[in-house]
Structures are given as C-alpha cells and as structure tokens.
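After this come two complexes, each holding subunit A, first together with subunit B and then together with subunit C.
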Partner chain A sequence: MVEALIGDEAFIKGCAAIGAGLAVGLTGIGAGFAESGIGAAAVGAIAEDRGFLGIGLLFTVIPETIVIFGLVISFILMFAFG
Partner chain B sequence: MFSSTKAAYAYIVARTKVMKSKLLKAEDFRKLLNMDFDEIMRFLEETEYKKEIDEIAYKYTGPKLLDYALFTNLAKTYRKIYSVSFGNPKILIGQYLRRWDVWNLINILRGKNANLPNEVVEDTLVPAGELSSEYLKSLLTKDINEIIKEFEGTIYHEALSKLGSTSLSFIEDQLWKSYYKALISIKAEDIETKVFLNFVKMEIDLRNVKTLLRLKAEGDTAEDIIARIVPGGYELTEDESRKLATTSFDEMLRALEGFWFWKVSSVDDLARTEIEFDRIWIEAIAKRASNYPLSILPVLQYIILKKVEVDDLRILGWGKWHKLPNEELEKQMVII
Partner chain C sequence: MLKPEKMVKIAIIGSKEQLAATSEILYKLNMLHIENPVEDEHFKIGVPFEKAGHISRTLLQIRSYISYLKLDPSRISVKKKFRKADIEEKLSAKLSEYQEQIGAKLEEIRRINETLKSIETEISNLEPLKIIGVPTKLLKDYKSIRCFVGLIKKDPTEELKKITSDFDLIIKEYEDLFVIAVFVKAEYGEEFFKVLQEYAFKELSVPDMEIDSRIAEIEKTKDELITKKGKLEADIEELKVKESELILAIEEHLSMEVEKAELPLKALTSKHTFVLVGYVPEKEIDRFKKEVGSRNLIVEQLDMDEHEIPPTKLKNPNFIKNFEILSKTYAVPKYKEIDPTFIMAIFFPIFFGLMLGDIGYGLLIVVLSLYLKRIFKTDGWQKLLNIGLASGIVSIIFGFIYGEFFGPFIVPGIKNPNEAHFFGDLLVGLYDFNHGHPLFDRVEEFGVKVLLFIVLIIGMIKMLWGFSMGFYNVYIEHGIKEAILEKGCWISGILGLFCIIFGFSYNLGIFTSPPHDGFGKILPENLYVFENTVKEARAVPLPIPGLVNGWEAGLNYFYLVALPLIVIWFLIFLKAEIPKMGVFGVIMAVELLTWLGQTISYARLLAIGLSSVYIAFVINYLSIKVALEPGMAIFPLAIIVMLLGHGVNFLLGILDPGLQSLRLHYVEFFTKFFEGGGKEYTPFGRVRKFIDEGGE
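Coming up: the complex of A and B.
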C-alpha cells in the first residue's frame, strides 16, 4: 500500500534514513547505559584520588566507540541511498 | 532504574576500593613489628591517621593518643562512607553501621557499671552509627534509669529494661541480638539486599560459634547458652545452635565440622581460635566480594578491614608500649 503511494526510490531513501537514525539513536542509548556505571565508578575513584582522572576518563569514553560505529553505519546508509 | 541502582553501587564500590588500597599492607605491619612505639607513631603520621594524631597530640601522649586517633579516624571513615553513598547502598550501610550504636551503648553501660569518669568513656566512643556524638555525650551525663527511658520505643529498649536484674554481659548479648534481629528483618526484594542479608547471616554464624565455644568451655548450662544465641544464622541456624548447646564440647566440635567457617587448626586456645575465625571471615568476604563486585559486599569488606586495621594497630601500639615480645603480638593480630 505504501509502495502504491510513493515510488520505489523514495521508499528506499526513507528506509535508509530511518535505519541511519536507528543506528545513531540506539547506539547512543546503549552507550548511555554502559557509561552510567563506568562514569559513576570513575567519579567515585577520582573523588578519592585525583590520579584516577586520566584512566577514569578513558574508561568512561570507551562505550562511545559503539556510537562511532552507529555513526559510520548511518553515513554509509546516507551516502549509499540518501 | 536499572542503571541508577547499578550506578549507586558502582560509585560507592569504586570509592571504597580506592580507600581500601590506602589501608596498611601486611608488609607494613611486619615493618611496624620491628619498630618501637615512637617509631610507630612517626610512621602513622605519614598515613591516613596524620590529621587525627596532629589534632589531639596537645592533649594526649602514648597509647592513649594512638587509641584516640584510631577511633576518631575510624568514626570519620565510616561516617564518610555513609554520607557519600546514595540510594539502596546508603540504606544498607546505615543499617549495618548501627552496630556502632550498640558498641557505644555497651561502652557507656560498662562505664556506668564501673563508675568510670565520663571523659574516659567518651574517648572510647565511635560515633559512626545513627546516634550522634553529641547525643552519646548527653547519655554519659544521665543515670541508668534515664538511659533506659531514653531508648523507649527503640529496638534496644527490651534488652536495656533488664538492666539491674541480670548481668551486664547478658544485656550486651541481648543488645547485639536486637541489632541482628533488626538487620535480618530487612525485606530482600532484590539480589543486592539478598547478598547483604547472607553476609549478615554469615556474621551471625561466626558470633554464634564463638559464643558456643566460649560458653561451652566455661561450662555454662545449655539454657544460658541458648539465651545468648542470635537467631537467623546462615548455616548455623537457631535450631542447630540449640542442638549443639545441649551436646558435650567434643561432640559439638565434631558436629561443627563441615560448616563453612570450620577451618580452624585447633581449639586449645580459644582466644587464638577466635582470631582464626576472624581470618576465615576476612577470606570469605573477600571471595564473596569478588563474586559480587557490584553489590554492597566490597563496601562491607572495606568496613571490616578498616576495623581490623585499627584493632591491629591498637594491639601493636599497646603491646610495644608495654614491651611485649613480637611473637605474642603476632599471635594477637589478624593481619600478618
């Protein structure tokens, strides 16, 4: 029914845009969940000893890599179909 | 919800892990054993105890200074853990630290019983529980009946109301019983609380086995022993303890084999056996804390290790002051 209303190309573009949005959005939520625990632990350790600032920051941003993957997927989708 | 609970544990566990790394190591204690009292004090002035030693050095000297600094630091550390935690861990830590209310109450009662001056009792208080330092000091100025009245409506009133009609050591056991009863009555709604309750129950096991061994060796009657048993043990349940209380000492020793805590080498010297139990306890919590890293256990492990450190330093300080041989001190200390 949807295909009847819009053309094939527009349909694929739309799906690619939704996919790109999901890739960034879901990885962002995932990273947020992961970072809540790591960030809390890092702040706890830094509060006791400032020497943990570097390592704490490093561990906190590690889940961010998943967002980069999501971003890459979204770019691929947008460049391929956008 | 999931993440906020986990975050609350992650925060306090990370904080206490860093605090734990600052505790004195076994090799520090071995070094301290070869020092005299003044050298020990100088060593401690370069550790976490510096502030407390400097604060009170004008008033006290010798082991009294050490005692005061250690107790003040202990209370400050525990209060800090409670104040920086939040959510479910804060509730559990607060409940567990109420043991210091019992400790302080017992010290006040002992002081009153022995007619000790208030200043002497005041120095032994560790205001790490619910009752503030000011409130505890106000209790010191009251007589026994006023203290009983003061605790009306609390979990301690039932035990305190027996003051005068029975021995103080019995009242002390009843106070500890009230404390543990209140702890195990906490509803285990999540895994973290269940882990906490199991920890408390294991602690009850150790308390009960120590009571059983001590009172059996002293030849107390089964009724006396049963009256002092704390209900709600982990493996050593109330029924089990009751059964053991009615058997002979040797039969009891045989029956205790197989319990999680029964790894002691001998029971010839009960004071040493109790220290062995403390070591077994420390090992058991360390194992459980590593099995449940995001729970209250690493925090409780630190709470216990800090107390053991303070106790060991007191033994060391007083022992060195009275020129006791190192071998004797080593036997008394838990961390060696």
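Coming up: the complex of A and C.
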C-alpha cells in the first residue's frame, strides 16, 4: 500500500506541501527563539537610552534570515512538486 | 562622493598674548579640527582664560531658565538675527532683568508650591478630626487627663482595658483606617501611648479654632496663593513669548564665549608661546592660511605619516547627505575608507520600494512624510523624513509595476477582480494598455519565480560589489598581496558558489522550460557534460558522487566552471589562514557557507513584500465579503475591518521593509568592506542660529 502511495502524484504533492509548511513554520519558531533573547536585551538597552532604538530594532531582526531560508526551501519544494 | 574630504594637517604657532585673538578668528572660520594635545616636558596644556569661570556660571543660569521655559531652539524659526554687538551691550542689563523677571519669580513660585503642599497636609489632617465630631477646644490635654487624637489601624479598646478600664474612647471609621480620640488619667498616659503605638498610631495636631472655620481660612489662603501663582506664571509666559529668541541668542552667545575661552585646553603652551595642531579640509587651506597668517601667526603645514588618523568629513551632495544618518548609525568611515552613503542612498529606497511596492501605501508614506516635515523641524527628523519621502516615491513606482493599490486586484484562484479589490474594475481599466494585467504580477506563481531569481541576482551583484570594495580598501591600506589573500580569494569562492546556484537552477529547468515552469529557452537545452543524459538530469540537482545513481547526469557546465573557482579560493585561503591560525585555520573555510546564506538572504526582498501583499489581499477580501455578500451586508463593519487591517499592514509596511532594507546593507553589504571607526570632523566654532555674523 505504501509503495502504491509513493507512486501517486497527489501523495507526492501533499508531502511537498507539508514539507513546505514545516520549513516555514519550524524556521519561524527558530527565529522566534533567537529573537526573544535579542529583543529582551534590546528593550533593556532602549530603556537605558532611547538612542539605541534604531540599532536595537536592527539587531532584533537579524535572525529573521532563518525564516527566509525556510521560505526559499518551501518555494523550491512548491516549484518542484506543487 | 565615495571618499571623505581630503584633510591637511597644520600647526599654528604664536605668542601667548595672541591666544585670545586666535581663538576669535579660528572660531569665526569654523574650519580647524583641533587634535587633543599630549603634554611633554617643555609644553604643557594651557589654562582657560580667566573669564571662562564667570561666563560658565552665567550660562548655567540662562540654561536653567531655558529648561524651565521649555524653549527648544530647533523648534523656533528665526525671524531676525541679533547683532553680536547688541547682545554684548545688553547682556548685563538683560541678565539682571531675567534674574528679576524669571529667577525671582521662579523662586517665589517654588515657595508658594511649598506652602500649598503644607496646606494640603493640614487639610488632610483636619478631615478626620471633623469626623470625630468633638469640638476642637475639648480635644486637648487637661491638668490631670491626657488626650490622644490620631489615626490608627485597628480598634485598641481590648488592649487598653488591660491597663485600666477608666478611660473614654471615641472611634470612627475613616477611609481604610480609624480615627480615634482617647482620654485617660495622666498617670496612665505613657502606657496608653505604648499600646497605641503598637497599633500604628499616627498623631494628628489639633488646631486652636473650630475645624470648619479653620478649613475656610485655609481654603481662602490656598485660593489666594493659587491666584498669585497663576499671575506669576502668566508673567513668565508673557516674557517667554516676548523674549524667547533673545534668551536663546544670549545662550548661544555665552556658549560660544565659553568654547572660545576654553581653547587653551586644546593648545600646548610654553612660557611665551602656544602651539595648536589640527586638520583643515584641503580645499579650504588657502583661505585658512590667508585669514590666520595675516594675524602674525605662523601656520605650518605638517606631513602626515602612515599611522596618523585625520578626522572624517563626509562629502556628499544634499540629497545623499540625508542618508548619512543611516550609514553613520553603523559607523563613521575611516579617513581613507570608501564612504558607503552614496550606495545606500541609491539602494535603500529601491529595496524599500521593491519590498513594499504599493501605490496606496507609497502615497500614504509620501503624504505623511510631507506633513511631519512641517512639524518636526530638527535636523535629524528632516533627514529621516526625506528618506521616507524618497522611499515612498519608489514604492509608488514599484506599486505601479506590480499593479497594487492597497492590495492586488489580480489574485490566483479569484477570477473576478471585483472580488479581490474594491476598485477591481477601475484598476483593470487602468492597466487596459497591458490587457488588464499589471506590468509584473508578483502574486502569480511565475512572477514569484522570476522575482526570486531577480533578487538573488541582485544579491550576487551586491556580494561581489561589496567584496570588490573590500579588496580596494585593503589594497589601499596594505597593498595588493594582502588584498588578494584577504578579499580576493573570497571573490573567487563566491563566484564558484554563484555558479553552483546557477547549475542547480539549470538542473531544475529554470532556464530551459517554458514559462510557469521556467523562463523559456534562455539557455540551450543541453549544457551537460555527458551529452546523452539530458533526460535523467532533472532528477539530480546536485552532482554529488555516491549520493544518487547516475550523478554524472546532473553535471552541467556551471558546475564545471565552479570547480576551479572553488579550488582557487581554497588554495589562496589556505595560504592566507595557515600561517595565521595553524592547521586548524582550515575550519574557517566553513565561512564560505555564510556567504551562500547571505546571498540567499536577499530573498527577503521577495518574501517581505509577498507577505504584505497577501495581508492586504486578505483584508480586502474579508471586507468585501462582509460588505457585499447577501445576508452579510454590514457596511460599517467592513469599513472597520478595512481601516484597522490596512492601518496595521501600513505600519508593518513601513517598519519591516525599512528595517530589512537597512539590514541588507549593514549585515550583507557593509561587512564585506566597511570597517568604520573614524572620528568625525568637528571644527572649532559653530554655525550661528540666532546671532548675525556681520555684526562682529
């Protein structure tokens, strides 16, 4: 039965879609984790000195690259199988 | 434009008597960036002129008035400048006037505030006494009886009874406490007091007269004081309206005088002479020499050696100057470095527009920037808003290309544009010249694919560009050999990476399949090394031996070009790292993957935009459904959904593209070539705002 499924195009498409979702979702969680620490530190610094606002925001978005990687992977999956 | 202004190092030598005059002329020229001096056995750092102390004290006083009056020089547009001579003439008269008009009045207001505070305390004391309901003249100690009046936490009767039962007690609730009056024989006074204290007793002072009349009296005084205070404040306010410019002018004048008087702190002095060392922009040096040299001072041009770090004065046209606040936030370029502001001024708005790309949001940004420009007059805000203006305009242009006005009107899966957008038909009409389609449809699958490809190409170009500038910077500072070892090898490495990305895309059929799967026949069908393997090639994106059977099928010419580039990179890399780091330096080669990551990171140019497009679409779709669907026609709700949704999306649309565009510059671009750490050019002198130079 499993072999029959693997040959099925709809099954492959479904798996690709799940994979694409996982790629974005899990990287999102990863980026969230990374940003939480930076964000907390940045808010601390901003509380001391408003001048850190720009730099603090900037540092906070740095781990967002991880999501972008996930997104690229999901695009490739969707292009290849979707 | 790309390099900071050229500087010349000079020394000014003169006799000590001339120092005051020198200070005047240098301050007026506002050209010389003075180096902080280092003492030696013959030359010591000078002492400020005598008047400095006196001026500083006056300045402090004026500044305290300014801070009380909340005068903000950046918010005042100057109508008429004051002449310096006038200011000097009026100075002492005005100072004593201000002392009288502001200083004395402020002092009086402070006293009134204190009295008011003590009155408040007294009133809060009297309130509970009123509740007890015993005339005040009875609430006091008698010959043989003690009387305690005050606030207490709990009823102490039980505890008091243990001492004696012969006492009188009145207790009433007051807020969350009790107010209490206890009368007891004087001999038990001490013991009672101790017990009361255990219940957190707080004594209240009892006035001599009746409470009501006392309260009326106090209220009367309070009203009088408040009127008086109001009058004083009105006086000060009146003065503020009339004199604010003059006060700020005096402040400017005094700060200038202090700065001038403190020049000796930056000079080295011997018994009779002084030396000042500093930098002047090269193009100004002739004028500088002429002006200073004519005053019996010696101006000597000094040679700069390799290790000297002159100050950095950025040299940019007006429009680009706006972006200096962005590049300086990262770092001030070193004197010999490339100044990246120019590049940022071009790419920041483009990246922003590429991401946001919406006529509606762009227009909002432009309108908002223009409006705020009239409110916030400070230099920093003006620059920031100019950047906003440029970014908004580019967003409108890209919005037109993408065909978006507060969201797209053509969305895959929705046939009728009116279901995706309130003005669907109108927008279709606008794009009539293009068969009712936007010039570039980034929502559709093929559009996404093309845009992804375009932004990756932009990424590759910027990576290469960054490394080339890094190469140039190192070449200028350390010579060609270092430049090749440090930056050149990475150029070869990332070129190899790019070839691998292309090879990968080729195997996926991006360059050979017709649109929707790929770009059509951009490249020939068969770029494979083993020519008979075209059919199987698609299954093997990366030709890694041992990974898949028939890996050689996926081996195209891109990979073939990549191989030597990577080998060249690796060899040079080893040559550079091994002497520095030893054998473990090899591990550093992993860094190549970082560059791959950073190239792919440019995909955010696509991703951020797409997310905002879809949010906008969802908001439109929702509100159309709520407003027009039969049985759901709740128009006001639709309006709320729309305003709220687009409001949030607009905020995200400013914040995210702005930050990400900044980040693409700071992290992915500047790190390749920009070290920073220069010191900014701050000449001795200042640009006067309130005082006319001609009046000197």
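Rule of thumb we're sticking to: the second predicted complex is superposed on the first by the 76 of 82 C-alpha atoms of A that agree within 3 Å, B and C clash if a C-alpha of one lies under 4 Å from a C-alpha of the other, contacts with A are read in each partner's own complex, and residues count from 1 in each chain.
Throughout what follows, a contact is a pair of C-beta atoms (placed from the backbone, for glycine too) under 8 Å apart; a residue touches a chain by one contact, two chains touch by 3 or more.
Quick caveat: nothing in here was measured; it's all calculated off a predicted structure.
Asks: Should the pairing of subunit B and subunit C on subunit A count as a clash or a fit in the superposition?
Replies: fit
Asks: For the overlay on chain A, what angle lies at subunit A between subunit B and subunit C, C-alpha centres, nearest 10°?
Replies: Once the structures are overlaid on A, subunit A sees subunit B and subunit C at 50 degrees.
Asks: Mind working out whether A:Leu77 is in touch with subunit B, subunit C, both or neither, as first, second, both or neither?
Replies: After superposition on chain A, A:Leu77 lies in contact with neither partner.
Asks: Examine A:Ala23 and indicate which partner it touches, taking first as subunit B and second as subunit C; both and neither are also allowed.
Replies: neither
Asks: Which partner chains sit in contact with A:Ala31 here, subunit B, subunit C, both or neither? Use first/second/both/neither.
Replies: A:Ala31 contacts neither subunit B nor subunit C.
Asks: Look at A:Phe52 in the shared chain and tell me whether it touches subunit B only, subunit C only, both, or neither; answer first, second, both or neither.
Replies: Once the two structures are laid over each other on A, A:Phe52 reaches subunit B alone.
Asks: Just to confirm the value: shortest Cα separation between subunit B and subunit C in the superposed three-chain model, in whole Å.
Replies: 9
Asks: Considering the complex alone, what residue numbers of subunit B touch subunit A?
Replies: Touch list, subunit B to subunit A: 2-4, 6-8, 10-15, 17-19, 84, 294.
Asks: Quick check on the complex: what are the subunit A residues that touch subunit C?
Replies: 54-55, 57-58, 61-62, 64-65, 67-69, 71-72, 75-76, 79-80
Asks: Which part of subunit A faces subunit B closely enough to touch in the complex?
Replies: Its residues touching subunit B are 33, 36-45, 47-49, 52.
Asks: Would you tell me which residues of subunit C are touching subunit A in their complex?
Replies: 329, 445, 448-449, 452, 508, 597, 600-601, 603-604, 607, 655, 659-660, 662-663, 666-667
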